[in-house]
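After this come two complexes, each holding chain A, first together with chain B and then together with chain C.
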Partner chain A sequence: MIKGWAIGLTAVAHPVFSHFNMKLRKQQGIMLILPAILVMGLFTVYPLLEGLRMAFTNKHLLKEGVRYVGLQNFIRLLSDEIFWVSLYHSVLLTAVVVFLQFVLGLILALAMNQKLPGMSLFKSIIMASWVIPVAATVILFKFMAQPDIGLINIVIKTIGFENLNRYWLGDPNVALPFIMLLHLWRNVPFYGVAFLAAMQAIPESYYEAAEIDGANTRHKFWHITLPGIRNMVIVMVTIHVLWTFNNFDFVYLATGGGPVNATDVLPVYVYRQCWTSYTIGYGASIGTVMLLLLMIYFIVFIKISERDKIA
Partner chain B sequence: MCKKKWILIGLSAVLFISGPFGLISEGIAKKSLSFWNMPFVTQEVSPEYVIQWEKDVQTALPDFTVDNFYGPGKYKDQRDKFLLQAKSGTPDVIEGLLEDTAVYVQKGLIEPLDSYFNSWNEKGQFIESTLAPLRINGKLYGLPYNTNARAMVYRKDIFEKHGLAVPKTWDELIQTARKITELTSKKTFGFYVCTEVGGPRAAQEFISWYYQVSRRQNMFEVVNGNIKFNATVDQLEKVLTLYDELFKDATFPACDPNVRGTGWPVEDPGYVAGKWAMAPMGPWLWGRRTESSIAKDILENRTAITRLPYSSDGEPATYLEVKPIMMNAYSKDKAGAWKLIQYIVSKEKMANWLVDSGGIPARKDSTDMDVFEKAGVQWWMKGFANELPISVTMAPVNWGPVSEANLRAVNFVIYDKKTPREAAQWLYDRITELKKNNEL
Partner chain C sequence: MSKVRRKLGVAISAYTVVIVSMIFFILPMVWIIYCSFRTQASIFTGKVISHLNEFTLENYETILSVTDYPTYFFNSFKIALSVSLLSLICSIVGAYGLSRFRIKGKNAIIMGIFSTQMFPQVLLIIPMYLIVFSLQMLDSVIGVVLGQLILVLPFSIWMLKGYFDNIPVAIDDSARIDGCNVLQRLYYVILPLGAPGIMVAGFFSFVVSWGDYLIVSIISQSQRTATATLVIQRLSSALLIRWGQVAAAAVLTIVPTIILFSFVQKRLVEGLTAGAVKE
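Our next item is the complex of A and B:
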């Protein structure tokens, strides 16, 4: 009865009343999003602005007095050999890992999309790598990489390559690929499950129509499956570029950036600047560069995605 | 209504019991103190000793409750967290490295103890050489509970079995270590040295070799707040050449190439498991004899202690470690914190702690106690105490970035990325830059 009365009132509302009603609704909306804005402002915007501000200072955790130094920190970056090595590793790690995760995740999703016995159990088991904490994953792999007693070396020795027995994370040529392997081990199942969900949302009738038109498996994949999961691909790639480029824990726990500089990446370098040298200002300038690089990536990526969508 | 009445009666009874006689009254009457102490977390001290210590502290400080969370368990994490949270007043008391003391003083986080210490009737028991490194800008910033000088532990059974002489110089060390690696078919490598970037032990071992080539001159001198950098490229090159030779890709290298870039978590367990025949070491290793029967046998029956081999064109020298107990300048109960410090560095507590973990007490009366003799640890303590006259303490600067640079240079060399000369020049330039940027 009340509902009917309210509908009636709205239907015959005077323009002034309608204006008041809209204003009220707008205020209600603002009130509803205010907590989220406050939380984001406090925990995202403020630290971000503070980080940007510090990048232009000589802030040192142990020294009193902070002064603005203009672009001095950024000029110092240009001649910082370790910064460039770390940047190279960060870009390489992100590009290789995200590409391989995409390809392997796609293969996994296609495999899981087949109607085979035990598939639901398999789907549950493979997500274990995603559930296990990163620290536990790293410890597991570090143990497997140990000389003599690690699983990798036991297998290598068993098949007759005893001369390859070594601490794999201590080899400068292997350490970075090994870190990539850790990323893949953790994230490929996640990609697989996400792509599978997107594949299962594609109407079966598309495939049936394609079959009637004489499309083979390859055609169906290129013209139905891949466009069908396009939005999921964009989401997954976007998220993982961000996660991988900013990833700290895998490298820090596995190698700390070593051996020599073989696995140095920007997040670990920022941490070392802030917590070994205590040069917060310089560390913030590296963080600012990371922010700029990711922003450029996102702008370009989103523009390309939107252009493709329109096309 | 009846139900509500019973709930009210129940609540009143609980409050009555836990109020005047129970938990609440105890919580109000007792003040809480916190103590961050890495050796209690890492089993450098046995868990049995920690349990006993906790019981004893309740008796010794009946008005206080000492929290049994002893901090993060790694010196680096402990330092980082203390830098961030000291102003909250927790922990009240902190154990640490001498290098930490300089950092905390720069930040104004620890309390000078002069006024407390000078009015303590036991102050005369502390050995002056252990107090001296804790005096920064004329103020005493901690009380020492433990001191040691680095020496070299070696497997006397292996040396006796193969008729080998204990090395005295670097050249002899390299040759002997390679020989042992060969004689044991790599089951036991001749030597171990820490090379972990960021590891405190690796930094301390590096500086021991440096003191030898610099003829005990400190790498830095602090005069009226100004820091002078004393090292030369030639000196640094000599130290880096030693690391190069130790890991050189010989058929039978002195050090295991698989443990390049590792630190004390590999060094100590490796020695007591029989993986290396010689290692630079401090007395804490004694605490590991309870790990296994092999560890006990190696430490009690098969190990001897000698001076660190030294550079032929330098002189014998080693790193002096003094472990301080410090008071948080922001502690909410400084009087209570001082009582806790007095308890930690008391005659009996210092002696019992060091009997358990191995170590040289910083008090004369602790050293004289018969507990060391009863525990059969005197020979062990003496082995390290012999090195005190040639030991050098570290200058009070921010060693973090310097130690990182030192070990980075070491890693360049042991992974064949730079020659010792190139790495030495890189290191010299890096430390000069740190000094120029006022980061020390």
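Our next item is the complex of A and C:
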């Protein structure tokens, strides 16, 4: 159908509207990306600007009458203890999770890069955890973390640590590490498979040449493998810092920020401010701070990776 | 001799990684599938092995015939399919434009698209709710679809642009000399040669939409648009949790994503990382 329509279009356009056609050709590129830009303009850029504007208002979802309050929301933030706790958790969670994902993903990729029987089957199923809904992941782990009936506690009791039996997400001391574990469960295979793809793009001849020069395994890893996957590492780390810092559903679905703010992170705090307390203006100001922090990270990161490229 | 020993050492450490990974990444899924076939009483014994007479299909029967789960499952399907279709149309055409045409400020556009990944979704959702409200699309499928579209569009475009960049321009050129116009080149050259990448982009959109909680939780107000993801969350945070049924509902919600995954599995990484591998 598209084919017939397209041929019809040329047949008409070509002889008669050749001038129009020329102009069209110049605009073709922009016309093609217009739909995407329109959707993103309406549902990303405009909401972003609106959100930033609301951060300076006292907007409440259920109350009439909005006015600008200047920096009042941001001043309130400074003395908001839950904000500081959430900020600390967000930064800690992002740093630990992305770092561990990188290291474990690298180990996984190195293992998968060995030509051994059964490895291709392993590679084909290992990313399953990445495709299932986060809500399902959370249920899997909530279930396993149940006292007495959860698999984790059953195993712990069997090997003789009866006194560790507990609801793992309900203990303020372990709830946050447990949520980090959920992040690792979802993303490490993705890292592993992505790093593997990059490793396999490194020409075999590099390794052969190094071997002739007498390089050992460790040399080859540091001087050929790591530099070879550098670009992939940069992309994966950058994008996961953004995704992890902005991630809402792991914490919200697993604990809602509890017990007693032990797992509160900024996105969950924003959500609660907006949709539980309905104080949208204040929520937007926290969101603005999140954006600022990510922008700083983004700029510093780009500067560093550009400097390394030149060096 | 030492070479053989080293090879053996490598194999042993590689298999150790494989076994640990299988336990950590795969076992939780096997466990929930296993428990979805056990009775409530059997689960509450706190034992790993059940007697044969403690296995049952009751959990699935309850979820499928007593609860409203099928409605939500169907909603999820409608929404995820629409999101995939719309995002594919926008991102194929957009990525084609970015990959093949001279556009003023192209780098700025690409950078702009990429930097939207930086925007906190919890911040965007506030005005988005107000926009959807004023368009009178609250609690409608189209409202949810439009909201979720922005979750997948930037990454889809970026991914497909990377994929299309790897298709030799010479093929385009010869098609143009043969008299193909823009749309014909898209249809005859890019679509067939980019098909694996397009499949992955479609899969990505489907899975993200299927698993989305944030946007559905704001825009959906009733049974009409609630999705399976939303409902398994409600089931699992009830006061008295019937774990057998929760497990069954979770398994049913996981199954479509795993089935689709098995189709694209071979292409998945190549597609997802197309933007990162090329130099």
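Remarks
The definition used in the following text is that the second predicted complex is superposed on the first by the 286 of 311 C-alpha atoms of A that agree within 3 Å, B and C clash if a C-alpha of one lies under 4 Å from a C-alpha of the other, contacts with A are read in each partner's own complex, and residues count from 1 in each chain.
The rule is short, and it goes like this: contacts are C-beta pairs under 8 Å (C-beta built on N, C-alpha and C of every residue); 3 or more make two chains touch, one makes a residue touch a chain.
Bear in mind the structure is a predicted one, so any value in this text is a computation, not a measurement.
In the superposed pair of complexes, A:93 makes contact with neither chain B nor chain C. When the two complexes are superposed, the chain touching more residues of chain A, out of chain B and chain C, is C. By the touch criterion defined above, A:275 reaches both chain B and chain C. In the superposition on chain A, A:85 makes contact with neither chain B nor chain C. Once chain A of one complex is fitted onto chain A of the other, the partner contacts of A:39 are limited to chain C, with no touch recorded for chain B. Using the contact criterion defined above for the overlaid structures, shared-chain residue A:167 touches chain B, although it does not reach chain C.
Shared-chain residue A:182: touches no atom of chain B or chain C. In the superposition on chain A, A:106 contacts neither chain B nor chain C. By the document's definition of touching, of the two partners only chain C reaches A:151; chain B does not. Touching of chain A by both chain B and chain C, each in its own complex, is seen for residues 275.
By the touch criterion given at the top, residues 2-3, 6-7, 9-10, 25, 28-33, 35-37, 39-40, 42-44, 46-48, 50-51, 54, 107-108, 110-112, 114, 116, 118-119, 122, 124-129, 131-136, 138-144, 146, 148-149, 151, 153-154, 185, 188-190, 193-194, 196-198, 201, 217, 231-232, 235-236, 239, 242-243, 246, 248-249, 252-253, 266-267, 270-271, 274-275, 280, 283-284, 287-288, 290-291, 294-295, 298 of chain A touch chain C in their complex.
Interface residues of chain B facing chain A in the complex, by the touch rule stated above, are 76, 80, 83, 103, 106-107, 196-198, 257-262, 398, 400-401, 404, 408, 411-412, 415, 417, 434, 437-439.
Within the complex formed with chain A, the residues of chain C that make contact are 6, 10-11, 13-15, 17-18, 21-22, 24-26, 28-29, 31-32, 35, 43-48, 89-91, 93-94, 96-98, 100-104, 106, 109, 113, 115-128, 130-131, 146-147, 149-150, 153-154, 157, 179, 181-184, 187, 207, 210-211, 213-214, 218, 229-230, 232-233, 236, 243, 246-247, 250, 253-254, 257-258, 260-261, 265-266, 268-270, 272-273, 275-277, 279. Touching chain B in their complex are the following residues of chain A: 60-63, 147, 166-167, 170, 172, 256-260, 272, 275-279.
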